[in-house]
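I've put the structures underneath this note.
In the two assemblies presented below, chain A is common to both, partnered first by chain B and then by chain C.
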Partner chain A sequence: METIFPLYTNGFFDSHTNLMLAVLLGVMFGFILERAGFATSAHIAPIFYFRNVMVAKVMVSAIVTAATLIFLASIFGYVDYSQLFIPTTYLWAYLAGGLLFGIGMVMSGWCPGTAVVGVATAKIDALFFALGLFVGMYFYFDIYSYIADFANSANLGRFTIDKLVGGDIRISYLITVGVSFGLLIFMLIMKKLVGDKNE
Partner chain B sequence: MKNNNYWSPILAGIILGVALFVTFIVAGQGMGASGAFARATAQAVYTIDPSFAQNAYAGKYLKHGNALANWTVLEVLGIFIGGLISALLAKRIKPEITRAKGYSSGKRLLFAFLGGIFIAVATRLARGCTSGQALDGAATFSVGSWIFMLAAFGAGFFFAFLFKNMWKGVE
Partner chain C sequence: MNKVISIVGLVLIAAAGVLAAISTSHEDILKSKKELCAKYTKNAQAALANNDIEKAFKFAKLAIKADPENRAGYKVLAQITDAKCKASQPSSAKAAAASSTEADNAKTENKAAQKPEEKASQTAAQPAKPAKPAAEEEEEMGC
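Showing the complex of A and B:
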C-alpha cells in the first residue's frame, strides 16, 4: 500500500494550490459551523450552566469521527500519521492559556472560529469580540519578550497520548474515544442534575 | 427560536469530523482560526509601523513577506464565506446583541470585547483555539490539546457564576 495522504506534504500539489484549497476547506468549515448553530453565542454560553450541552455533543462526535478516520487510515497505511501537524505541547503555557481561554469564553460567549461565523451573520457581540482579539494579539506581541521564557517552558515536543502512557496509536485511539464519551456522559448527567433546574 | 434547518448536534459533529479528516489528508494540518487574527494584527501594525518587523513575536509572521499569505488566513476567509452562504440560504442574517432580557447591551459588548482580549492572549500561549488546538489536537491524539480543553472548560464552569445575569434565560 502506497501512502498518498496527506496530499500536500506528499507533493501532489504546490503551495499555491494548497492556499486555494484552504479557502474551499474553510467554506466547508464555516458552512458546518453555521448549520450546527454556532453563529450565535446563545447556543454556546449556556453550556457553562449545563442548560444546553449542544457544544459538547458536537465536539465529542466530531473528535470521535475524525479520530476514527485518522486511526483507520493510519493503520491501513493510507495516511502517514507522522506527517500530520500536531502543535508542540508546552505544558505550563497550555494550562495557563486554557484557563484564560475559559474565562474569555464564558465572558464573551465566543471563540475565534465561531466568532468569524458570528460576524458573517451580523452578530454585534461577535464583532466586539473580534475587535478584542485584535487588541489582545497586539498586547501579546508587546509583552512577549517578558513572558517568552514562560511561554516556551516545559516543551514536550509532538506529545501524543501513546508517548504518555506507552503503546502505540491504538492506545491513543482507545483513550481518546473513552475520554470523549466519558466527558459527554458527564455533561448529560450534569444537565439532568443541574441544568434542567436552571431553565 | 427553534429553527428547523439546523442540523442535530450529533449529525453536525459527524459532518464536522469528516470535514476535519478531509482537511488533514489534503493539507496535512487541521482547521484553525486564531492564527489568522494574530497574522492580521501583525500585518496591520506593520503597515503603520515597518519597524514592527523586529517584534520578538510578530517578526516570525512578517519575515517571509505578507503575513496574510498563509493557509490559516485563507481558510478563515473561507469560514466567513461559508458561514455567510449557509445563513443566507437559511435566512438567518439578523443584526443582534445576544444577552439576557433587560441586560445592558453596553455591558454585554464591553464583556465581549474584554473576552476577545483574554482569548487572544490565551491562544498565543496555547498555540491555538477551539479549532486549531482542541479539535485538531484531540483528533490526532495530542496530550496538550486535552490539557488545554479541560483547563478551558474547567475555568469556564468555575467562573460562570460571575456572568450569570448576562446569560440568564438565553437559549
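Showing the complex of A and C:
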C-alpha cells in the first residue's frame, strides 16, 4: 500500500490505534511545552506587555517548521493537503471568542494547552484556571440555545489562506512564513521600544 | 552558542521551504496531484484485490478528488462497481434458475440468441460513454 499522510484518514490504522497515538503525541507535546518554559504563567503573560518574547519565538519556530514540513511533503506527493483536519470557520463567533480568549490569557497568564501542562507540573494558578475553564464550558453549553444563531453565523467552511490566492499552496506557504517572521520582528522591536522601558 | 544554533536552524528550515516554493512551478504542483491520484488508485486496486469494496470505494473517491482531470480514478471506480455487481449477481441468478420451466427455457434460449447481439451493441456503445457520468451516478448504480 502506498504511504499517504494523514495515515488515519487513509486507513493505515484503526480508530483505537489513532487514539493511543493521540495520547502518546499529547504526552510528547506536553513535555516539549514544559521544556520550552510554557509551564510557568510568568513566562506567558509578559508577552502582552512586550517584556518577554519567548512565546513568540517558540510559536514562530513551531509554525515555520511545521508549515515547511507539510509544504515539502505535499509537493512531493506524501501528504494529501485536502485531507488535513481544519475546523470550520465561523467568522463572527471566532472573532468574539478570540477576543474573550485573549482577555482571559492576559489576566491569567495561561491558555488551555499550557494550563494542562501547568496542572501536570503542580501549579496552583493553573489548577484554578482549569477549574474556570470547565465552569466557562458549562456556562457556554447552558446558554448555547440562546446564542446558537450567532455561534453558527458566517460559516466560511474549511477556510485556508490558499483559497484567497486561487488555491496555490506555494503562495499560502510564503504568506505564512512571511507573516510569522514579520510578527517575530514586530515583537522584538516592540520589546526594545516598550518592554525594556517598563522593566 | 545554543541561541546561534537555534536561529541558524530556523533560518535554514525556512530557507529550504522558501527555495522549494520559488523553484516549483504550477506544473510541479499538478505533477504532485497526479502522483497522489496514482497512489490512491494503486491503494484502491489493492483493496479491490483483497475484496474490501468499502475501502476501495473510499480510495477511488479520494483519487478523483485529488485530481478530477485524471481518468484513472474513474476507471477504478468503474471496476469497483463491476465487482460490486458481480458480488450481488449469484443470488439473483439462483432465484431465476429455480423458477424457470421448459417453456421458459425455450424463451430463454431465444433471448440468449438475441443477447449476444444486444451485448455487441452495448459494448460498441460503451466506449463512447464518457467516464465522468459513471462517477456522478455512483449513488444510483445498482444491480
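As a convention for this text, the second predicted complex is superposed on the first by the 194 of 199 C-alpha atoms of A that agree within 3 Å, B and C clash if a C-alpha of one lies under 4 Å from a C-alpha of the other, contacts with A are read in each partner's own complex, and residues count from 1 in each chain.
Everything that follows uses one rule, which is that a contact is a pair of C-beta atoms (placed from the backbone, for glycine too) under 8 Å apart; a residue touches a chain by one contact, two chains touch by 3 or more.
In this text the structure is predicted, and so the values were computed from the model without any measurement.
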Query raised in the report: chain B versus chain C on the shared chain A, clash or fit?
Result: fit
Requested in this report: Would you sort A:82 into first (chain B), second (chain C), both or neither based on which partner it touches?
Outcome: second
Query raised in the report: Per the overlay, which chain contacts more chain A residues, chain B or chain C?
Result: B
Query raised in the report: If you stack the two complexes on chain A, which partner ends up touching A:173: first (chain B), second (chain C), both, or neither?
Result: both
Requested in this report: Give one of first, second, both or neither to describe whether A:155 is in contact with chain B, with chain C, with both, or with none.
Outcome: neither
Query raised in the report: Does the superposition put A:67 against chain B (first), chain C (second), both, or neither?
Result: both
Report task. For A:17, select first, second, both or neither according to whether it touches chain B, chain C, the two together, or no partner. Result -> neither
Query raised in the report: With the two complexes overlaid on chain A, what is the closest approach of chain B to chain C, counting only CA atoms, in Å?
Result: 5
Report task. Name the residues of chain A shared by its contacts with chain B and its contacts with chain C. Result -> 60-61, 64-65, 67-68, 83, 169, 173
**Report entry** Interface residues, chain B side, partner chain A - complex
**Finding:** 1, 3, 5-7, 9-10, 12-31, 33-34, 36-38, 40-42, 44-45, 52, 55-58, 69-72, 74-87, 90, 92-99, 108-160, 162-164, 166-167, 170-171
Query raised in the report: Which residues, counting only chain A, touch chain B once they are in their complex?
Result: 5-9, 18-37, 39-43, 45-49, 51-52, 54, 57-70, 73, 78-79, 81, 83-91, 93-117, 119-126, 128-141, 144-145, 148, 151, 156, 158-164, 169, 172-173, 176, 179-180
Report summary line: The residues of chain C that touch chain A in their complex are 6, 10, 13-14, 16-18, 20-22, 24, 26, 28-29, 32, 35-36, 39-40, 42-43, 46, 55, 58-59, 62, 65-66
Query - Of chain A, residues touching chain C in the complex - result: 1-4, 10-11, 60-61, 64-65, 67-68, 71-72, 74-77, 80, 82-83, 168-171, 173-174, 177, 181
